[in-house]
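We just call them A, B, C and D in the order they show up, numbering each chain from 1.
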Amino acid sequence: MNFKFGLFFGLTVAFAAPAFAQKALEAPGGKYAKDAEQVFRSSFRDDNPKYWMSRLAQDETMKTCGQYRDNPPRKIGEKLEKLNAATIRYPVEGKLIGDWKEGEKLAAVGTGGHIGFIQPDPAGKLRGGNCYACHQLAKKEVAYGTIGPSLQHFGKIRGNSDEIIKYAYDKIYNSNAFSACTNMPRFGLHNWLTPEQITHIVAFLVDPESPVNKD
Amino acid sequence: MIRRLMKTLVGAAVFAAFAGGVAAQDSKVADEIAKYREALADGNPADLFELKGEGLWTEKRGPKNASLEQCDLGQGPGKLEGAYAALPKYFKDTGKVMDVESRLVHCMVTLQGFTQAEVTKQWYSKPGKDSDIEALVTYIGAKSNGMKINVPATHPEEAKMAKMGEYIFYRRSGPQDFSCAICHGQEGKRIRLQELGNLTTQDGAGFAMKTWPSYRVSQGTVWTMQRRLIDCMRQARWPEPNYLADSIIALETFLQKTATGTVMETPGIKR
Amino acid sequence: MNNQRRTVLKSGSGAALLGMLAAAGIITPGMALADWNKSAFDAKSMADTLKALGAGSPADSKDVQVTGPDIAENGAVVPVGVSASLPNISMVAILIEKNPNALAATFVLPEGTEANVQTRVKMGQTSNIYALVKSDGKFFMATKEIKVTLGGCGG
Amino acid sequence: MGNPMKIRAANKDGVTEVKVLVSHEMETGQRKDSAGAVVPAWFITELTAKHGDKTVLSCEFGPSVSKNPYLAFKFKGGAKGDKITVSWKDNKGDTRSDEVAIA
């Protein structure tokens, strides 16, 4: 995460915000926002390891999205998009399209990264993209969510030009580079998926042989 | 630019062509899921918890050998009807906004003489280890069945809790950028095959809140609202909150306030 | 009936023998009622289970129905039922082809009890569910596929 | 011993429908706990329902019957107020019986 950049940007927002603030809708929590942050932070078990607690940290994008109920004024949104676009990194070999079969597996896995004491994921549990939670993809999987748009026939519809491949890679790496405060996680930014894993999911989306396009 | 637009237009057309088939398949899936839920609705294992909870409520237990029949859940000592639907609520005797679970624990400590640690040790069940709290909350909840959720949050402390809950609802963090609002801030969406209510509207929050506590078939037990929300935080990949934490009670207050007016249908049953 | 079972237990050595006898059709699950049919519940494949139940290879019948949704929201609890309109049904069983052990439950129906039972079963994955019924001493079967879906935010 | 069952029995047009919910873990013996140890099988093996003294259903369950088992069936006869008794036994030898009057 680029905290330095975030901090710089934060200052910009602090100055810019009043001009664009939507007066009708106050920031969540209103005058109790500060109390709420404190209550939230102090609500966690004392025996949560420190590195778990670091997951409560917010970068500027998270903070701003919360403040605007995920619907920032366009000008602020654009700034967040630029900020996020600058974080995108590519695989060392530069190839943005991997193995669709690996991508297919990753798309279906919704576990990984769960912490806490009740039902944590065991060490080494595969972290997936959990794509089906929100998107329709291969026809054979009927249990898909609709939080995101359907991506069935993604490649069939859009082709597999370099432009499309790069778009898919970038979007998965950092969704907020395209639409600030989208519901989609920033998989690459958080190292949730490695650049290589992202190329596999890209292949799952665009490869003509992938069940996303073939069926 | 024009090429891109063309592509998009072609894309949209192709899309529309497929949409018909997709919709048909979708409605068939929805029908079968509805059938599944209907088959489970008659014979909800939560009834077993309710039965057990009733026994626990009236049984003399603890160092003080007392039942919970004098417990004041906000409607007066021993008055259970509608109590769940009107919580969380500010209690003068503790000076706190309390939800059904924190108030129940308070009663078990003050009336029965248990320590807080004893009572909350098994706040949720594990395979082979039942939780008294799950059973008691199911019983208390069932006593509000058919009644309207009623948490206007007019007391200043309640109003503050609701506002803090709203803040937490929109607060993003963690390796997936999650907040409650990401999944529960829009209309008509679903995650996998499960419908997601828009919890910022009365309809959405009502649809969600009226069925709790609920039997989770995936877990084989009743989940209380504390368990539900603490698990939401687990799914957000956050650390684990304390049981009965104010952040959870704040979220509950926000949601119950939003849902106010909705008729309770509890205990529920969910995947 | 009871006497016969005791004799079998005395002279034999437990479940293995019971299973053999059952397979040979000498005793039926109904007769061994007081003792859980271990060989049938331990059997893995459909064929072995049918054998252990003494059912051989039952004929498909349109008069037997497996009821339940086509899609289960969770495999831990899948509502299934069996109903049949054949005469003199004395036994009903539910089998799940792809579970580690195919047999889920058997029901012995005395005269007067309708051939219409419902229960809930666990399914490890999408599978065919089989209903087996014994009518006038003969076995009949019906099947239905139930799709088990992943759900919720954790997939 | 276990927790009480919930039994409902209702007669309509000469047929009694019985619906039973049983409180039981129904552990398969294939699940591992968080430490990786196999949790031993623990499930109801037999369940019997009686109308008065007459057995109206006897079941054998394997571990793939769901946790907190549900059962519904119908038999001819039975009158309002008649007693329905349901009993189960599990693989650890635990047993329980509950009864209800036909509504």
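One rule holds in what follows: a contact is a pair of C-beta atoms (placed from the backbone, for glycine too) under 8 Å apart; a residue touches a chain by one contact, two chains touch by 3 or more.
Predicted model only: the values in this text are computed from it and were never measured.
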| item | value |
| --- | --- |
| Furthest chain, CA centroid comparison against chain C | A |
| Nearest-to-centre chain - CA centroid comparison | B |
| Mean-CA-position distance for chain D and chain A (Å) | 48 |
| Mean-CA-position distance for chain B and chain A (Å) | 26 |
| Chain B and chain C: spacing of chain centres that average the CA atoms, whole Å | 38 |
| In chain D, residues with contacts to at least two other chains | 66-67, 70, 72 |
| Contacts with 2+ other chains: residues of chain B | 29, 183, 191-193, 217, 220, 235 |
| Residues of chain A engaged with two or more neighbouring chains | 114, 132-133, 142-143 |
| Interfacial residue positions of chain C with respect to chain A in the complex | 71, 147, 149-155 |
| Contact footprint of chain B on chain A as seen in their complex | 28-33, 35-37, 39-40, 42-45, 48, 52-53, 55-58, 61-63, 65-67, 69-70, 113-119, 132-134, 136, 142-147, 150, 152-153, 156-159, 176, 183, 185-186, 190-192 |
| Interface residues, chain C side, partner chain B - complex | 68-74, 76-79, 120, 149-155 |
| In the complex with chain C, residue positions of chain A that touch it | 108-111, 114, 128, 130, 132-133, 142-143 |
| Touching residues on chain B, where the partner in the complex is chain D | 42-43, 45, 47-48, 51-52, 127-128, 130, 217, 220 |
